[in-house]
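In this document, chain identifiers A, B, C, D, E and F correspond to the written order of the chains, with residue numbering beginning at 1 in each.
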Amino acid sequence: MASALEKAGILVEALPYIKKFYGKTVVIKYGGHAMVDCALKKAVLTDVVLMKYVGMRPVIVHGGGPEITAMLKKLGIESRFIGGLRVTDDETMEIVEMVLVGKINKEIVSMLNAFGGRAVGLSGKDAGLLQAARKLGRARRPDGTVEMVDIGHVGEITRVDPDIASTLIDQGYIPVISPVAVGADGESYNINADYVAGELAVALGAEKLVILTDVEGILADRRDRDSLISVIHAPEIPDLVARGVIEGGMIPKVECCTRALSGGVGTTHILDGRVAHSILLEVFTDKGIGTMVVG
Amino acid sequence: MASALEKAGILVEALPYIKKFYGKTVVIKYGGHAMVDCALKKAVLTDVVLMKYVGMRPVIVHGGGPEITAMLKKLGIESRFIGGLRVTDDETMEIVEMVLVGKINKEIVSMLNAFGGRAVGLSGKDAGLLQAARKLGRARRPDGTVEMVDIGHVGEITRVDPDIASTLIDQGYIPVISPVAVGADGESYNINADYVAGELAVALGAEKLVILTDVEGILADRRDRDSLISVIHAPEIPDLVARGVIEGGMIPKVECCTRALSGGVGTTHILDGRVAHSILLEVFTDKGIGTMVVG
Amino acid sequence: MASALEKAGILVEALPYIKKFYGKTVVIKYGGHAMVDCALKKAVLTDVVLMKYVGMRPVIVHGGGPEITAMLKKLGIESRFIGGLRVTDDETMEIVEMVLVGKINKEIVSMLNAFGGRAVGLSGKDAGLLQAARKLGRARRPDGTVEMVDIGHVGEITRVDPDIASTLIDQGYIPVISPVAVGADGESYNINADYVAGELAVALGAEKLVILTDVEGILADRRDRDSLISVIHAPEIPDLVARGVIEGGMIPKVECCTRALSGGVGTTHILDGRVAHSILLEVFTDKGIGTMVVG
Amino acid sequence: MASALEKAGILVEALPYIKKFYGKTVVIKYGGHAMVDCALKKAVLTDVVLMKYVGMRPVIVHGGGPEITAMLKKLGIESRFIGGLRVTDDETMEIVEMVLVGKINKEIVSMLNAFGGRAVGLSGKDAGLLQAARKLGRARRPDGTVEMVDIGHVGEITRVDPDIASTLIDQGYIPVISPVAVGADGESYNINADYVAGELAVALGAEKLVILTDVEGILADRRDRDSLISVIHAPEIPDLVARGVIEGGMIPKVECCTRALSGGVGTTHILDGRVAHSILLEVFTDKGIGTMVVG
Amino acid sequence: MASALEKAGILVEALPYIKKFYGKTVVIKYGGHAMVDCALKKAVLTDVVLMKYVGMRPVIVHGGGPEITAMLKKLGIESRFIGGLRVTDDETMEIVEMVLVGKINKEIVSMLNAFGGRAVGLSGKDAGLLQAARKLGRARRPDGTVEMVDIGHVGEITRVDPDIASTLIDQGYIPVISPVAVGADGESYNINADYVAGELAVALGAEKLVILTDVEGILADRRDRDSLISVIHAPEIPDLVARGVIEGGMIPKVECCTRALSGGVGTTHILDGRVAHSILLEVFTDKGIGTMVVG
Amino acid sequence: MASALEKAGILVEALPYIKKFYGKTVVIKYGGHAMVDCALKKAVLTDVVLMKYVGMRPVIVHGGGPEITAMLKKLGIESRFIGGLRVTDDETMEIVEMVLVGKINKEIVSMLNAFGGRAVGLSGKDAGLLQAARKLGRARRPDGTVEMVDIGHVGEITRVDPDIASTLIDQGYIPVISPVAVGADGESYNINADYVAGELAVALGAEKLVILTDVEGILADRRDRDSLISVIHAPEIPDLVARGVIEGGMIPKVECCTRALSGGVGTTHILDGRVAHSILLEVFTDKGIGTMVVG
């Protein structure tokens, strides 16, 4: 009995957080390790279904990761990267889209449905959800100068029409969105999922943007896991970048956060996706985990 | 961290129960010790608010208990009982109604609102929610025979018009109902709160009827607290009554349950209101607690 | 036949007034003699039901009056007044609330329902309708100076959340409101019903505020009942107060009217509640009765 | 004051009738003297607007009468009647329709609007409200036998599509309907307005059908105005016809009533349209006037 | 087969135009030759039904023309004109209204219904759609000066209450409107149908106003049918009038267009009603026909 | 002009068909040559958008065809067929799903959106649209007997939950559905698209099921293209199969049709997808094309 009572107590502890986020939209960028490890996958998607049932309006934007590389490799297509972006020719784009929309998205949708959610997968192409334009890559010349070069089907968002996502949310569905868009030129474009999550959070008037990563959050000292910075205020960011505290792949993530904040999103979070139920811990406890970026 | 993770795990464990009762109406007869003890009161009403937030539609019917007796005593009005029912003359009825509707109901409403619910108190008189007729008391004559005698403003339900309760529930409010009704004769009647809860559960198409009592449930052997009968099927009841397992004040409670079941209510529960969060434990765990009566 | 024809004629005469107030909210402060006398009670509440049926949206706010005093007396609780306000300790407040919410409110609701209305009683505590803060009393010291003193559970309104009242009105119910509120401190407060009526009229966007009193209205010469002032414009009030034409208990009533007017209420009325059907006469005839205060 | 109070009393007396017919549809066949006399016209249409404002759903079906004959005469078109029905050739039909739809209907609509209603005129042609087939006339041959002969654009109803009328009623409008229909053959047909009223009452699920006539109602003894039969039960009718109590133009009116009753209409009434406010007297008094035909 | 394929191709060609006007309101002034010639009548009204089915919201305002004159002649009423406007005494007005509302309107409604539309005829009197004031005629004195004289029931629009029209459109009906209005004086007024169409287009927020005439449109050289001006910009109009290119009956039509444009209507069109399906050609082809007046 | 007029005439000719199918659901199985040829693709999808705009509710179910085989080949996965069904191991299923959902579906969606539709791609996995169970293949043993063998992820439909499709249709979207489902076992299954189309037509209460094929329809004499059978009544089918008129791949298509008919679908059609705009010709002309199967 004791144990049951403790359980009840914990449910009751969650009540203030449930009230706080009741009816609020939360956009989750789902990627990295949490998408590979089976137990983590289950943990993340259960969290999302739970959020739905306690009255939140979760939206998932997923990335691609290792499955794309694996499929390209199987097909003998070599990947080249410029400025951290994959050079994406027609053949590669076809594979990227198939893996994102036809494989990863469907796995997520199936698991959510198995856990009791009512998930619907969307590509940015569906009902014109995302429109994109070609993005150039920053190639570094041997002399150290930077040249902008065409890297193919890599896009940046030019327009978000959130109607289909809103409609589905309002009808009780959980939208699961692949970061693929169509250009005004009719071409397909692959877009960084962090950016898609950030722009959707703005377009949907989200309360929270959660980006799952494979690090603890932002560390004051990269070598010291205990130096996690819990809260960063947007104005501090330039200094943190200058000092190298925020660097590499974290820079665009933080950029998404600040854009989302300036677009009206309440709070943004960079969480450690390697920790089971990290979303739940962030949403349902006072301490939160990872790094919160606020306006 | 460990502890936080455990908490997350417990929330996740609740998910199947949340799904199961999502959108379902649960009528709770609130009375006895759980209405007197401050900590229990808080526990019960937090449970109700939590139920609301995770998508259920809770309705509270409260009893009166010691506060009525205390007020009558203060006023020097002596209470006489016939067949277990208080003889309720005009003066007594006035006090009974004032205490139920003007004191107890309002305390419950205020606490629910303080915990984040949006509660609205109702008397059975409001919008014709409950209509009643005079109920006679069973007086035992010296010779052992039973005589039906007028015991005043004690009523039994003749009609339920659940519109006002449904309207409030649909608009997101938690109705808190006092067991007072008006008769076709224009008189006020006090009604047993167990019966009110049972009839309302039927009228509202409830999934669950929960009756809080001051005992563990129904015990196979009254002297042995470990002999709790977890599940009783309606057809077994006559035999249990005949054998004295169900007796005294438990008989009308079980009768309410069977009436509710035959009126379409899914399951009915007799819970120990002295255990904190007993409703939560019943709803959110597999084992349940107390005695469940099913059809 | 003649008589029937005359009746028809009178119904037809009412048409312009029915059209004028169709769909309009009218808040009625119900108190004084009209709440004590049986025939008057019936007349007032029939008027309210009639208003409902011809398309108006009536709301009743009731006072307490003699029944509170009677109950306190029965309980041997002595009443002390400071600056015209009852010193309301915890015990007194409990009684005040029980009488208002559990007795008077329910009698009004029952009568309205018996006359064919669909009335629902509300306390200011229900769904956070009224929030209050402690109000100090003006005690006059022996030396004639005034001191503000704590007089207990006497409150003034700090916030009105009219949602529950609007919801009920929109669904066709007549809300009957007791002037009791909860404070941010969790305490119960008794509030002057005139003020409650005035603030609700503003919050509900009412067309009319009607205050029933035990006088003819405002008399130019208090000793001359024929000196009734039919219309007062808000700017004239300070002068009328200075000249003693408006004095005593009439001052707060007039203050409620001016506040309501400045909050957007169309017209406000101080009517003689001792005249049967005074509300009807005000609403359905050109001459009106009592004193109308306009902006 | 006395007089004002009496007026209030009369309004209050109307309350039970208002409650009784709240939300109920009442179809009124408007014709005869009440359509010619200016004061009566005003009385009838004020009654209808009043009915609307006190929550009923009135529908008017009007006849033609003297204005058609006058216009035909002006144009030098002679009218011939067979079996009581006007032989209606193409030219006559054109005039009949213009007078009904373009003159009488519009006068009624304008007056209702002037009195504060929101009236919309409809012909049976609008949105396919009424479909008709050619009706033959019963010509009596010199030898006394009866022959069915073509009398032109005289129709009987074959189908009612009440959608447009219901839509308008639901949106708060008062439909005013001219008894003209289109045939499957594309031709225009004039239909007896009593029949239109009866069929519409059925199609709209009306509570009441009121037929205004130029007699007191059905008299037991035609020569004795005091012999009015207040209530006739449908089964008594054949006998009353056989005995000549119901005869001539009253026969089809009574037939409309019985058809309406068997189609689910609550009560049907044959009223004296020469009495001002006869509809109001019927609806708002206990005694009623004229003859009521019930099932 | 070839031919069927060509047909399919033409349907496909229409798609961009269907998309362009989907959900848009188009007000059509229907008059002149297109109302007289049987084949043209059929063509215009089929076009309107087609517009409805492909998602537009057409509204028809019809004129009167020869039928009024014919009926007046039949009745021996002579028509006098002052400044191009018919002097309309009471008797004439009665005939005008009967012909417009009771004959022409009904013919249009019947044909639209026969073609599968759901049309409802309205006079400006219905539900207060149009309110008018008396318009004076410009009488030219023998000495060449102009005098404003009373010409009877000729009105100009003072208020449009488009509620009834919007309601009908929203419910899927096609409103067909006769240019008759009621004045504040209770009198009936005949109004120029072009003006009615223009004002309604503004009040209904129409995308297009189409005026059917009996000329090709506006010709640069009146004697040369090939000199049609396809597009006129509003600012060019005064010059075109000054040069006599726009003259006579075309001036008020152009004036209606410019008023409509300044009231927010997208484009306005003066079309040749003598060409079958001219509306369809205007709406469903790139070239358009007739003269388009734009802001 | 002549040509424009002819175009108008053709639009007008389409009106009866537009009326006939207004608001009706049409499920189109899209596959074969029409999915490969660029011009045909454009023709089919324009037809669908046109259907949407003229008020129908089209739904597309697409097949896979050559693209799946091409991708499998690229990856060096050999395809084996048993009883006409592809043996689908885990690796193959992954590719099948990726090509269907991530490539073909997205191309269709993008084209529909480019043509002005608002299309949303769905897999049978989305929101539990399709549930399937493993289907065995009919392997023919050397001795001619048939053995049922496991052929992997080939499924047959066990449950359709059309909610997500209905929701999207009601909100104005065109659902484009890939024939992939999830099993109760959590596995992915590839399902014959004809069957998916048939079952969806039933579940959505469709008026029409259209199956695009690569033949003219059903020919009485396979060698004579002019021997097309325009209409087949369901009861004739067994005889036609027995006589070999319906044979091979046509048998399951006809079976889908008869199942759909018995599930309430109005008419079913086997069309030649190699003819441009064949859907339009079927829907918008009297003759229709291909073979219609009716109940």
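One rule holds for everything that comes next: a residue touches a chain if its C-beta (ideal position, glycine included) is under 8 Å from a C-beta of that chain, and two chains touch if they have at least 3 such contacts.
Since we're looking at a predicted model, the values are computed, not measured.
Between chain A and chain E, the least number of touch steps comes to 2. When the CA atoms of chain B are superposed on chain D, the rotation angle comes to 120 degrees (nearest 5).
Residues touching across the chain A-chain B interface largely coincide between the two copies, over half of the numbers being common to both.
Chain D and chain E have CA centres that are 36 Å apart.
Note: centroid distance chain C to chain D, computed from Cα atoms, is 47 Å. Mean C-alpha position of chain B lies 57 Å from that of chain F. Chain contact topology: the protein chains form a single closed ring, every chain touching exactly two others.
Taken in ring order from chain C, whose neighbour in the chosen direction is chain D, the chains follow as C, D, E, F, A, B.
Interface residues of chain F, counted against chain A in their complex, comprise 74-75, 94, 97-103, 105-106, 109-110, 113-114, 118-123, 125-128, 164, 167-168, 171, 173, 180, 182, 186, 188. Residue ranges of chain E in contact with chain F, taken from their complex: 1, 4-5, 7-16, 18-19, 22, 43, 46-47, 49-50, 53-55, 115-116, 275-277, 280-281, 284-285, 287, 289.
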